[in-house]
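Common to both upcoming complexes is chain A, partnered first by chain B, then by chain C.
Showing the complex of A and B:
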């Protein structure tokens, strides 16, 4: 049998290069009306009155009074309204939709609506904690009192905006008592559950269909539930299909982003220069509604010791509500913030101790069998030493590091080490997701994969088909995977958390094995598989202790930079990476994930600047929120090392988020090496670098 | 309303339209050519790229009035050509297509580059694609695809 990693062509490439694939904004739906959102212009206020201009016939206002069920978007907490109620809590909060035939008329109506507000005092700082978690490993308190050397560090990370190239878009249709929502999305069943709650109708009266999705990166995880509810309500009220397609300005102004964070460390170091105990606190800015922030916080907290074994660890964290646009899922989900912080801190501790950073980090590096941050275990082989050696050889790290450290020529090299827990945290898969997949063998001997996981560019349809075909030993062309439709596929869970290949792919592989045993030519056969948590996973939701993840993927990156002496701009010269993702199901797809994710991570650490003024996002479009262009992409050299995970399909673990995590710390460490100053926050902009150099 | 006449994907067309309407909207709404995408609406992302008299243009910035008498090619028309076949094959073989939303614009930018410079260097390619944003790939695979298209398509450009 040929190696599963050998790349094949994706099924949808032709339709994508020729422009014939239909994204949501390309769909022609008979009789569809346009919708546009009227938004709050206040960061926090009570709405005292709304005055409407004359509304021509054929045009409609849809607001909270039209929501037949609960005016709350079902995410985790029911805290975000579908349409604003008495109080608005952030600039850009949706108040109502104006719906009709002609977009120019809709715009006139929106401009004519006068909302009267009674301003309330907004909060923008880390003040109102709405979620607090903590966990404890060992008992470190004594080391902070016994005269050990105490070293502290405080790190800040900024916003990151997804800039999926296709803005958010969704269409609602209400027909014969049934609501259908079609759109650009990651998680059809999240939207389904949300629409059921908002419309207050039966489960089988709501149908969600994914359209081709032009990038997501977490940005289409929970946000489409909000606009899905809005178009469902609007189409039910009006009785005609309603399209809500955002333009870029609206998308940036009002959709979720990566949480800004503030992370504090305190380490107690013994006389042998080993960290005996560490205290960590994470603050996340959730924006105006909690959404997924608590889960993001958990993932950040669990990553608090990075790839290092710290025997005594005390970690706490808070989600702070502020009157800004709500933050949410973004590739990495709390890990990019924490890995930036911990990688900087470990290096800063080594520096303060006057130790070689490589030596210091290696001594603390986690080994197989050791306890994880939350007191679970690293059960599987860890091949980080091999990976680190390899990346150092590829990049000539040691020689360059020495050379750049000695010279004042503003060149630098830095290396990051990181891991990413695959799948949902703790017993999330078992308790909340309960994934189900089906395989249906058709009479013509093709096999259809029935699962709710979405293709958003990451290659899921291709890799999942490959897994089924590989196990069944049939040509991949005979395996079919269509855009999910909740009326046709079971809930195999959301397409998030680096779970698709490992968890869903694992279920598909098991189903395929059963199907192979029962295979009869010319007959229809249906096989179903349900997720079962591996026996060894033990997790306590209350204390946040135990095995946070069934498996971990690992990565190392080296970045080489040159800081412009006049402008302080950071020029990325080269990037290297070595990865353990178990086994690549399709090498070229994985390299695509790696190169794209790495550039997002590098840009997160350097050029992607987003900030707010009085609660308003200052960047309006890609003109002022800068993402990398082709000219900003450095050469990337990648090596994938096999380290098969026994429970993953073909040994595969998660790979979607991992590559983003290491980019920012690698670059920040390279910048430090170049300028000889500690980088304490990202993005490390030219202004910040200048500040570091001037505050000598 | 004004009558605007131009050549669209090789055919003469006439349309009675508000001349300030964006060419992008005319192509998508009036001609149903949805291969042309809107990513930013402000001339920064290149998803709406089309060829106007062989030059790459952001159709979101061009009022249709300016199309009068011009020769306009969109991905929908270009995808019927031999050059497209070569470019498509190269993109496919390099794995350069992820979500695909930037890709029609990238293909147009590739054609526009190779039309002027059939044998570009890597830096020339990066330069030529720098008006087209891609958030998925990190660009390297797209750059390789253009190199490969140039190599395979020798004589076509």
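Showing the complex of A and C:
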């Protein structure tokens, strides 16, 4: 059998490159009406009155009074209203929809609506904690009192906006007592559950269909549940299909982003220069509603010791509510914030101790069998030493590091080490997701994969088909994977958390094996597989202790930069990466994920600036919110090392988020090396670098 | 309901313009963004629109005597590849927008848009550009610094349009161009700088420099330029520092803009010394 990693054509490539693919905004649905959102202009206020202009026949206002079920969007933490109630809590919060046939009339109505507000005092800082978690490993308190050397550090990270190429868009249809929602999305069943709750109708009266999705990066994990509920309510009220498609500016201003964070460390170091104990606190800015923020916080907290083994660890974290646009899922989900912080801190500790950073980090690097941050275990082989050697050889790291450190020529090189827990945190898969997949062998001997996981450009349809075809030993063309439709496929869980290949692909592989055993030509056969947590996983939700993830993917990056002495601009000259993702299911798809993720991570650390003024995002379009262009891409050299995970399909682990995580710390460490100053926040903009150099 | 006019000839364009007050649309790469509306609706123009970008009579680059004449509707791409284009203008154009935009954006449009961050402007200032303005029966020529009055404001009557840009074909001994944007291409400038120096007998004969995006209009001081021979680098920098008054906005900070302007000027002056 040929190696599974060998690349094949991606299922969606032809339709996407030829332009024939149909995105949600291309869909012509008969009788569909347009909808536009009236939004809060206040960061925090009580709505005292809404005055409407005359509404012509055929035009509708849809607001909270039209929500037949619960006016809350079901997203783990159900605090966000479908439509604003008495109090608006951020600028851009949706108050109501204006729906009708002619967009010009809709706009006129929107412009004619007068909302009267009674302003309330908004909060923009880390003040109102709404979620607090902590966990302990060992007992480190004594090391902070016994005269050990105490080293502290405080790190800040900013917003990141997804800029999926296709803005959010969704269509709701209500026919014969059944609500259908079609749209650009990652998680059809999330939307289904949300719509069921908002409409207050039976489970089988809601159907969700994924349309071709033009990028997501986490931005279409939970946000589409909000607009899905809105169009479901609107189409149910009006009895005609309702189409809600965002423009770019509206999308940037009012959809979720990566949580800004403030992360504090305190390390106790013994006389042998080893960290004996560490205290870590993470603050996340959730924006106006909690949504997924608690889960994001958990992932950030669990990553508190990075790839290092720290025997005594005391970690706490808070989600702070602010009167700004709600933040949510974004590739990495809390880990990019923490890995930036811990990688900088470990290097800063080494620096304070006057130790070689490589030596210091290597000594603390986690080994197979050791306890994880939460007291679980790294059960599988860790090949980081091999990976680090390889990346150093590829980049000539040691020579360059020495050379750049000695010279004042504003060149620098930096290396990041990181991991990413694959799948849901803790027992999330077992307790909440309970993934189910089916394979249906048709009479014509093709096999249809019945799963709810979505293609958003990352290659899921291709790789999942490859897994099925590989196990069945049939040509991949005979395996079919269509855009999920909740009436046709079981809930195999959301397409998030680097779980698709490892968890869903694993279920598909097991189902395929069964099907292979039962295979009879010309007959229809249906196989079902349900997720079962590996026996060894032990997790306590209350104390956040045990095995937080069934497996870990690992990465190392080296970035080489030069900083312009006059303009403080960072020129990224080269990037290298070595990855352990178990086994690549398709090499070209993985390289695409890696290069794209790395670039997104590097940009997060350098050029992607987003901030707010009086609660309003200042960079509201793609002119002002800068993401890298082709000219900003440095050459990337990638090596993937096989380290098969016994429970993953073909040994595969997760890979979607991992490559983003290492970008920011690698480039920030390279900038430090270039300018000889500590980088304490990202993005490390030219403005910040100037500040560092000026404040001598 | 606004009307659109697409004149076939330049003559026709002037006649149409004479009859109605209209918005001039060149390549539209700035205007269409400014006037954008909800997708599916017409852009938000409040006056009729005259589409002038395809007027062939306004697409040319000609050298005549010591001057280069550039038709107002010459695209940035045509300027980029033309052999008569002064090197410093080529450098500026190469860093403007993206290839797609450069194929439709025009020099006349960039001037008419009068953005403080317009990247052709600092170069045009130091090349002593004159703007030829045409209306039916009237033609006048004004220096660029008198034409651009402030952000989005130009000295153009309602029945006039920019016909051509005339630049001095000065061949500097040393040129320096910098654009600082948020990324390497397709970025709006935080700062731009154009400078040129010529020497005679080891002394600076001609010293010109201009800063973009750090004041409502491009900063160029002929008075200061005339006096550089008698001044030291620190004195020159101090004098320019007084003229550069940038602001904080969503793209950068005043402190950064000011500091980097001074650094660039420093580099420019250093380079000037080396050339002597």
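FYI, the second predicted complex is superposed on the first by the 696 of 696 C-alpha atoms of A that agree within 3 Å, B and C clash if a C-alpha of one lies under 4 Å from a C-alpha of the other, contacts with A are read in each partner's own complex, and residues count from 1 in each chain.
One rule holds for everything that comes next: a contact is a pair of C-beta atoms (placed from the backbone, for glycine too) under 8 Å apart; a residue touches a chain by one contact, two chains touch by 3 or more.
Everything numeric in this text was worked out from a predicted model, so none of it was measured.
When the two complexes are overlaid on their common chain A, residue A:568 makes contact with chain C while staying clear of chain B.
In the superposition on chain A, no contact is made by A:158 with either chain B or chain C. The larger set of touched chain A residues comes from B, when the choice is between chain B and chain C. After overlaying the two complexes on the shared chain, residue contacts for A:506 are found with neither chain B nor chain C. By the touch criterion defined above, A:683 reaches neither chain B nor chain C.
When the two complexes are overlaid on their common chain A, residue A:107 makes contact with chain C while staying clear of chain B.
Of the two partner chains, both chain B and chain C are touched by A:623. In the superposed model, A:7 makes contact with chain B only, not with chain C.
Legend: residue contacts after superposition of the two complexes on their common chain; A:219 is shown touching neither chain B nor chain C. When both complexes are overlaid on chain A, the residue A:459 reaches chain B alone and has no touch with chain C. Where the contact sets of chain A with chain B and with chain C meet, they give residues 25, 247, 623, 627-631. Residues 28, 32, 34-42, 44-45, 47, 74-76, 79, 84, 87-88, 91-93, 95, 97-104, 107, 125-127, 129-143 of chain B touch chain A in their complex.
Interface residues of chain A, counted against chain C in their complex, comprise 25, 34, 36, 103-104, 107, 245, 247, 565-569, 607, 609, 611, 618-619, 623-624, 626-632, 686-687, 690, 694. Touching chain A in their complex are the following residues of chain C: 33, 38-41, 98, 178, 180, 182-188, 191, 250-253, 255-256, 259-260, 263-264, 266-267. Residues 7, 9-10, 12-23, 25-26, 28, 162-167, 212-217, 247-249, 456-459, 588-589, 591-592, 595-600, 621-623, 627-631, 633, 635-636 of chain A touch chain B in their complex.
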